[in-house]
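Quick one: structure below, then a few questions.
Chain IDs A, B, C and D follow the sequence of writing; residue 1 opens each chain.
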Amino acid sequence: MGFLDIRNATKSYGQVEVLHQVDISVDEGEFLVLVGPSGCGKSTLLNMIAGLEDITTGEIAIKGRMMNGVHPSKRNIAMVFQSYALYPNMTVGQNITFGLEMHGVAKPERDKAMADVAKLLQIEQLLDRKPGQLSGGQRQRVAMGRALVRNPDVFLFDEPLSNLDAKLRVDMRTEIKKLHQNLGTTIVYVTHDQIEAMTLSTRIAVMNGGYVQQLGTPKEIYDTPANLFVATFMGSPSMNLIPVKLRVDGNAVYADTKNDQDEKVSLPVFEPSATVKSCDGQSVMLGIRPEALTDPEGADQRSTHVERIRNTVTVTEPAGSDTFVATTIGGAECVARMRSDADVAPGRVSEFAFNMEKAVLFDPKSEARIA
Amino acid sequence: MAVTDPAVGASAPDFRTRLQHWIPKIVLSPSLAMIFVFVYGFIAFTVYLSFTDSRMLPSFGWVGWENYSKLWRLSHWEISLINMAIFAGLYIVVCTAIGLMLAIFLDQKIRGEGVLRPLYLYPMALSFIVTGTAWKWFLDPGIGLENVMHTWGWTSFSFDWIKNRDFAIYTVVLAAVWQTSGFVMAMFLAGLRGIDNEILKAAQMDGASNWNLYRRIIIPQLRPAFLSAFVILAHLAIKTFDLVIALTGGGPGRATELPATFMYSYTFTRNQMGIGAASAVIMLMTIAAIMIPYLYAELREKK
Amino acid sequence: MKHLMMTMKASVAALALSVGGANAADVEVLHWWTSGGEAAALNVLKQDLEGQGIGWQDMPVAGGGGEQAMTVLRARVTAGDAPTAVQALGFDILDWGAEGALANLNDLAAQEGWDDVVPEALQAFAKYDGKWISAPVNVHSTNWVWANKAVLDANGIAVPTTWEEFTAAVEALAAAGVTPIAHGGQAWQDATVFDAVAMSAGGPDFYKAAFIDLDEDALGSDTMKEAFDRMAFIRSHVDENFSGRDWNLATAMVINGEAGFQMMGDWAKGEFLNAGKVPGEDFLCFRFPGTTEQVTFNADQFMMFDQGGSVSSEQAALASAILSPSFQIAFNKVKGSVPARTDVAGDELDACGQQGMADLAAAASSGNLFGSMAHGHAAPASVKNAIYDVVTAHFNGEFDSETAVAELVDAVSIAK
Amino acid sequence: MAVASSDTAIRTGRIARTFIYLVLLLFALFYMLPLYVMLINSVKPLSEITGGGMMNLPDIWTLEPWRKAWSEAQIGVQPTGLKPYFWNSIQMVVPAVAISTILGALNGYVLTKWRFKGDTILFGLMLFACFIPFQIVLIPMARVLGVLGLAGSTWGLVLVHLVYGIGFTTLYFRNYYAVFPTELVRAAQIDGAGFFQIFWRILLPSSGPIAVVSVIWQFTNIWNDFLFGASFAAGDGAPMTVALNNLVQSSTGVKEYNVHFAGAILAATPTLLVYIVAGRYFVRGLMAGSVKG
């Protein structure tokens, strides 16, 4: 049993089930990120944890205490909203202490808690201002202060950074991460930004269409996505998917496709499992991330399974640290991530190195990874 | 930890949550109860009365459709319906047009807007018990505008609509427009002030003339203001009663009778409450025919 | 809440007994006499009652010749909170009598001998089913013509006594460039003229048949067409701005010499007196030509609402005070009308008032006293208003005389 | 008003601006006309009015009609003027406006922030109730008030105005709260605030503009009502409009038009004041919600 348990939780509006059988257990001190495109049900799930939406079936428990039907204020949670939801008619100080006041905490205690939080977030000079007079980043801090001051069991964040500009977003991201490391609190964090998900979390739940597609550490999600959706949603640029035909040859399995000169290409699958071996002659998708598809010099030196293919470069996009190179393999558009000084030019045929240790296979019908 | 409540651990909702669940409905219930009794209950009562032989006071002898058949035989009723169509149509269109025009003009950074706005708005504050008399005088050719023009030397000027059977209804429209167009102006002004200026700038970059800017960009964005204005105006048009009584008393002849004056006169001064109730039912059905589709569209959209 | 419950219980009890809302020793009086003179006159009554220790709760609701007050009365009765006494006219009294809502004043009437002093035609509206239910205050006669003497003299016109003389006088005035007839185009004013015109065109029997008995033959007769033709004549001799004009502005036209005649009830006299004019010297009053013998009337009365089966002592005192000769004279002097009882001396009234009293007494004894259709003393409200509709429509040119006759028959049959 | 439009993107030429000013001034004259007629005639002796020339300035200026209308004119049997009735109206209007506005605000709050199944239909029913013509409810209303024991009392009138005003106040507040961020309510819930605390501490302090709209609307309608005031108030508890009507209407008496107009302006003073004082907030309030839907 975890610190926060979501057991078989579903949510329906009338006949329509919008969240299906969610099962997640979060340990104390974990940073769980719910990520997915809009409408995937991540905010609904967060609101169910907060008690802002009813749970249709299933259970949610915090610290072993059943939360179904418990009022939000009795769950000992705090929430930071996308719009910050600062009370416009109250000063920053009043905003921060409102929750304590509602819980009947005495004034001296409230003031002390407020002072501590204000110091932690460096917003002492803002305490007498109204939210309307604050910048976006300041509002964000106040919203976090309001959550922190309650010292809750679980922090809930609902896309807290999406209203900030790019630079501020990165700064605040770091700050949230620091807070988590320093305070060791349990956090459930909703975002549609996969970079936020990767950088902040200790575990990620990727959601789509009301289902949890995959639950795992950032590394698991990134390296071994459970299905095509997770593979394409996480990572930028997203994973290349090349249609191939599997060919079993003794103990080895080859993924056959063609380059853009209509030459046959055979890529040996790294350490094929029994399942893979049973797929002789089947058409599948080969997934390979851009950083595993490079120029030969830039290929991972530790990898023992680097395969080279000659193919025509269509577009090059120098991005400073790297150069992204587009090409067409087996009819699929692919992006390779090459060193910035790689010798490539549009229209020229170059060598592309496949790090087959990082390649994964998907069944195109079920979209699931072939493990 | 600020507050925890270790005692509560059951799976049933706690008392406070259940209470919170019921409070909104409890808060709403007195208003709903009042509306159901005083509006829908009374409507039901009126429908019932329309099938009875009530004359001076409600009585409960069932007469079936007799009141309705009598009602449709009355030329008086026919006149009041035709008048309603003319009045409501013109009133709503003219008020909207004037209100929109004034709002657009006032929105051009006009000096003295602060003075003009209350001037346009104040008629809404006055009751027609006496402004009706002022209007009556003003429209009266013998003492009002026509007379003034004549004394100023413009002897061919003629403005005798209020005395003319065919035009009197337009004077009712005029006075009604006077009363509410300022209010409509305020609604449109509010709508205009809420439009994002960046859109306007973008449209100007695209080379839109002022005329096109309003026609193509701004006015379409005022849709909510148009709808609100329509509801308010339609409701005022249907309830128009004092104005007619004060301005023309339904005359000349019966030229400015409206359904509301018809209903009042049959119910209260002619002791034919059954026919009055029947006319009220027809009025309500007309209102419902106009309003229910509107409400349906509006409320469904917002959901 | 508890208080509310108690009030509710109390009021339910009150409803059951049908007791009025006023305090035990108070009379609550609903009326529409709010203009200066009328109200002052009514104040005489109030002081009289207060002298007897009876409080007066005033409930004035003006407007539309009592229409507003009647609407309010219905609301009050429906609420179970009827006023003690209510000013009312003609058929409204009988209608309330028929509802069984009014008190029986027979004992008082017998004691004070009302039957002998109140004209029979008036009694018809003060009694229901043989019981006195209201106390008459005054009698207005409606078939008066008011004329500016200077204007008439200047054009060599004598007081016309027949329709022919009247048309000649009117045409003479028109030729002289004076507006012959001052008129206000409101339904009730049109109907007031119509009353007199119909009476002069067809005589008393026709009037009674058409407006009181609502006889279809009379309503559809050629005489009725003649009456409408005469209305058309009058219509063609009023000024252009007549429509919607208040009657007193029409009276002002006569006072100012802008017009020669006005057909209006005796209340118009107040306007002349108020303007400092003297009857017989500055202005003339005479019966509408062709109706010299007849009087069409309307009478203000106070209905007494039933107070739990018997007449309360306050009501009796009020009714008695209303019919006392001193009040009758004091009030009618101001109001322009004449006393409802024919046995009081009219010395205090002016020339027109004295003539009115004499006419009334004569008409009452010769059977020439009729209720005015226009003022709700000939036919019930529904019929009255149906006739209004036709008369006004005709007067404003919507119908020609022939159509008007047909419409009249039809309208009356629907309203009956 | 210096909100939002300080940066109007539209520029107009000199000729167009002259035209605009001309039109605006013409309409200002049009709106002022009846008030001019009333004012001018309220400071003339009666003889000047009946002598014709109702549009002319007075030859003799007098404030006598005003004094008479306020304290001397015959309203019923007693020459009290409008003075005593003013207080009656205040006693009726203040609670009716206050209660209907508060209830409207609460209803709007429930209908936007505490949605439940069927709430839209209930709101539709409340809104449709705005359209009921008052004349048809008179008789059944009298009966109900009689049964409740409220006939002829100020509280009865307050109830009547409450019932027929609540649809509008609910409409205004609902539209206003519809655009009020729901996240604030959720944040407050998590902070532990209850239904009324959220309303009182979070929503109400931000409701100024729409409250102005609601109050103006209700105040004007209730103050100017005649039908209910005449039917459901006892004689000396009658509101101002009934007294004014008694002053102005008299079927067979002398009409003192100058006193009538003075009385009319006196009776309208509170509503005029409300429009002038609160008018600037009015457009702002409308802007803040009621026309945005």
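The definition used in the following text is that a residue touches a chain if its C-beta (ideal position, glycine included) is under 8 Å from a C-beta of that chain, and two chains touch if they have at least 3 such contacts.
From a predicted model like this one, the values you see are computed outputs, not experimental measurements.
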| item | value |
| --- | --- |
| Path length in steps (a step moves to a chain that is touched) from chain C to chain D | 1 |
| Farthest chain (mean CA position) relative to chain B | A |
| Result of counting contacting C-beta pairs for B-D and B-C, higher pair | B-D |
| Geometric centre distance via CA averages, chain C-chain B, whole Å | 37 |
| Approximate Å spacing (C-alpha centroids) for the pair chain A, chain B | 55 |
| Rounded Å distance, chain B centre to chain D centre (Cα mean) | 15 |
| Whole-Å gap between the CA centroids of chain A and chain C | 90 |
| Two or more partner chains touched - positions in chain D | 139, 141, 192, 245, 248 |
| Chain C: positions in contact with at least two other chains | 64, 71, 74, 78 |
| Residue list for chain B, restricted to those that touch at least two other chains | 3, 16, 20, 57-58, 143, 264, 268 |
| Residue ranges of chain D in contact with chain B within the complex | 1, 3-5, 7-12, 16-17, 20-21, 23-24, 27-28, 30-35, 37-38, 52-55, 103, 106-107, 109-111, 114, 116, 120, 122-137, 139-141, 144, 162-164, 166-167, 170, 178, 192, 194-196, 220, 223-224, 226, 241, 244-245, 248, 257, 260-261, 263-264, 267-268, 271-272, 274-276, 279-280, 282-284, 286-287, 290-293 |
| Contacting residues of chain B [partner chain D, same complex] | 3, 16, 20, 23-25, 27-28, 30-32, 34-35, 37-43, 45-46, 57-58, 98, 101-102, 105-110, 113-114, 116-127, 129-131, 133-135, 137-138, 143-145, 147-148, 178, 182, 186-187, 189-194, 197, 200-201, 204, 210, 213, 224-225, 227-229, 234-235, 238-239, 241-242, 260, 263-264, 267-268, 273, 277, 280, 283-284, 287-288, 291-292, 295-296, 298-300, 302-303 |
| Chain D contact footprint on chain C (complex, rising order) | 4, 7-8, 10-12, 15, 21, 28, 30, 32-40, 42-43, 46, 56-66, 68, 71-72, 74-76, 78-81, 246, 248-249, 252, 256, 265, 267, 270-271, 274, 335-336 |
| Residues of chain D that touch chain A when the two form their complex | 181, 183-184, 186-193, 197, 201-202, 205-206 |
| In the complex, chain D residues that touch chain C | 50-51, 73-79, 138-139, 141-143, 145-152, 230-232, 234-236, 238, 242, 245-256 |
